[in-house]
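Here the chain labels run A, B and C in written order, and each chain numbers its own residues starting at 1.
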Amino acid sequence: MGNPVLGIKNLKKKFGDHEVLKDISFSVKKGEVVVVLGPSGCGKSTLLRCINALESIQGGEIFLDREKISGNVKNLHKIRQKIGMVFQSYDLFPHMNVLRNVTLAPEKAQHRPKEEVEKEAEELLHRVGLADKKDAYPRQLSGGQKQRAAIVRALCMHPEVMLFDEVTASLDPEMVREVLDVMLEMAKEGRTMVIVTHEMQFAKAVADRIIFMDQGNIIEEGSPKEFFEHPKTERARQFLNVFEFEA
Amino acid sequence: MQDLGISVLFQGDNFIRLMGGLWITIRISLISVLFSMIFGVILGIIMMWKNPVTKVITKIYLEFIRIMPQLVLLFLVYFGSAKHFGWDFSGEMASIIVFVFWGTAEMGDLVRGALGSISIHQIESGKALGLTGGQIYWYVLIPQAVKRLIPQAMNLVTRMIKTTSLIVLIGVVEVVKIGQQMIEAARLTQPSAALWIYGVIFFLYFIICYPVSVLAAHLEKKWKD
Amino acid sequence: MDWNFIIQYSGLYKEAAFLTLRIACMGIFGSLILGLICGMIRYYKVPVLSRITGIYIELSRNTPLLIQLFFLYFGLPKIGIILESETCAVAGLVFLGGSYMAEAFRSGMEAVDSVQTESGLSLGLTKKQVWFYILLPQAAAIAIPGIGANVIFLIKETSVFSIVALMDLMHVAKDLIGLYYKTDEALLMLVTAYLVILLPISIIFMFLERRLRFAGSGD
């Protein structure tokens, strides 16, 4: 594993008077898969949104490739091209077919030639098992297929880091697996990923490192083995207990 | 220096006359609104009937009234009825008749929409709780329908008030006509009167309609689930 | 019913109908553009401009077109702004229609889930690209029923154009009633003319609306 790709220093985020992120610092190395866990409302989704500048931040700094990207409003769209993000709610563009969903940004934002982008898009769709769905519209897809297409859409931009915001939370249980498999595959390929999820088994399998958050702070950080088997803090133990029945 | 045209408004009893004209406008609106609301509720309920005959008749009535410009309807009643039925309506009477016919159609559609918008689920949960049909209507359907209906009905009222401006074109002496008389009378002494008088009438309509619109928007927001 | 009279004067109605349609088209086109601009200003809450647009929308929606036209046609010349009949009619229609279209576009844009904009941004598209490729197409589809209702409303409103001395349908009808006392014939042709103009348009929008509803807009 290489140099830090993503660095976050003393990040603070407030909604009005409410401090959602109090003082967050961590970094993600190249090829590393970091899973962020924590109870609802702990700020983990907000954290991802701040990294991608979908939320303004009230303090701290964010670095990508050692370059400070927070506060750099002018080239926001350039920076976002290097950060892929997949959301919880199905976010494919409903008025475009799957292929167009994937090729829009590479063509319009990165000005890459159409043929090249389409060729790559079809390859990627093939790899996630959606080769036959490239002409389908999002409404014709299942939830799992939509999320796989959304992942391809982000991948086609060649991002340096991928952010996943509870991408399986709205899925029917039988579709969760097909999406997680795609992500697992990506992890094996050595992609840099930051994943927010509630799927504990998946977190255990995919993560190189777990970050546990509560009430806007990072409470614990460590390898999945350490975290799941020997949590250091009481709060982490309580959190893991909630999932006991499920596991 | 040229006299400011607005002074026309304060010459003699001009202002009072203009207000008198405004009152005629408002009176016609109020009468039309009152009857439209009553007949509209009845029409809306009739439109909910499953009877194919009433369905077709109400549909044709509704579509014809809504597709015709209100001024055409005014012409039909004002010019047409006098000739055919020998009824010599005053312009004011013809206006009220047209606005009631039109207002009833619009209101009927709103009532039908409001009643139809309440989900079957609501009726079923009422039944599941052991409420009678009448009780379901009174405690479940009507309160929900009314909350949906009132803001829309208020918007209809502002539309009706704005539409009353048309009646000057069939010779009713109301606020616009009186304004025109003043402009005519001041043609030589204050040539710019037209700007001011029409400006004032513009704001008179605004002052009446705006509060109703604001209240309607407020209620709609407040009652939105 | 005097059919010869109808045949004799139907040409006048045809001319008047085309005049009405021509002005309505220009007015509606202008309304769509003004409405789109104002709708965007309201949606993005552009400082200052949003406030001004809000005032315009309230003024336009809470006053009758007839009075707006009187003001434009008879009032403005007093301060040296002289508009021709047709210009006046189009300007009045745009002033009125712009606010209605603005509300249709704004509510259309507001109805598009914010995650659509966010995922566009997170893909690295610029704000303009997100608006053009993602927000606008979806908002326009949602706004179609509202736009259709506005189009029909605006065409109906053209019936007051006779007051700015245009030979429109109402003007022709009124002349024929006044000159020849052919009330029935004049009114019949008037109603027919408006039906011929408005029925197809209303059916087209009904069809569009139904198609959009069945197509759905994804999840």
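Keep in mind that, in the parts below, a residue touches a chain if its C-beta (ideal position, glycine included) is under 8 Å from a C-beta of that chain, and two chains touch if they have at least 3 such contacts.
All values derive from a computational prediction rather than experimental measurement.
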{"item": "Farthest chain relative to subunit C (centres taken as mean CA coordinates)", "value": "A"}
{"item": "Chain nearest the overall C-alpha centroid of the shown protein atoms", "value": "C"}
{"item": "Centre-to-centre distance between subunit C and subunit A (centres being mean Cα positions), rounded to whole Å", "value": "46"}
{"item": "Distance from the mean Cα position of subunit C to that of subunit B, given in whole angstrom", "value": "20"}
{"item": "Separation of mean Cα positions, subunit B and subunit A [Å, integer]", "value": "55"}
{"item": "Contact footprint of subunit C on subunit B as seen in their complex", "value": "5, 67-72, 75-76, 79-80, 83-84, 158, 162-163, 165-166, 168-169, 176, 183, 191-199, 201-202, 205-206, 209-210, 213"}
{"item": "Parts of subunit C lying in touch with subunit A, wherever the complex brings them together", "value": "113, 115-116, 118-127, 129, 133-134, 137-138, 141, 215-219"}
{"item": "Residues of subunit A touching subunit C in the complex", "value": "52, 54, 76-85, 87, 89-95, 104-105, 108-110, 137-139, 143, 146, 150, 153-154, 157"}
{"item": "Subunit C to subunit B touching residues, read off their complex", "value": "58-59, 61-64, 66-68, 70-71, 74-79, 152, 156-160, 162-163, 170, 173-174, 177, 183-184, 186-187, 190-191, 194-195, 198-199, 202"}
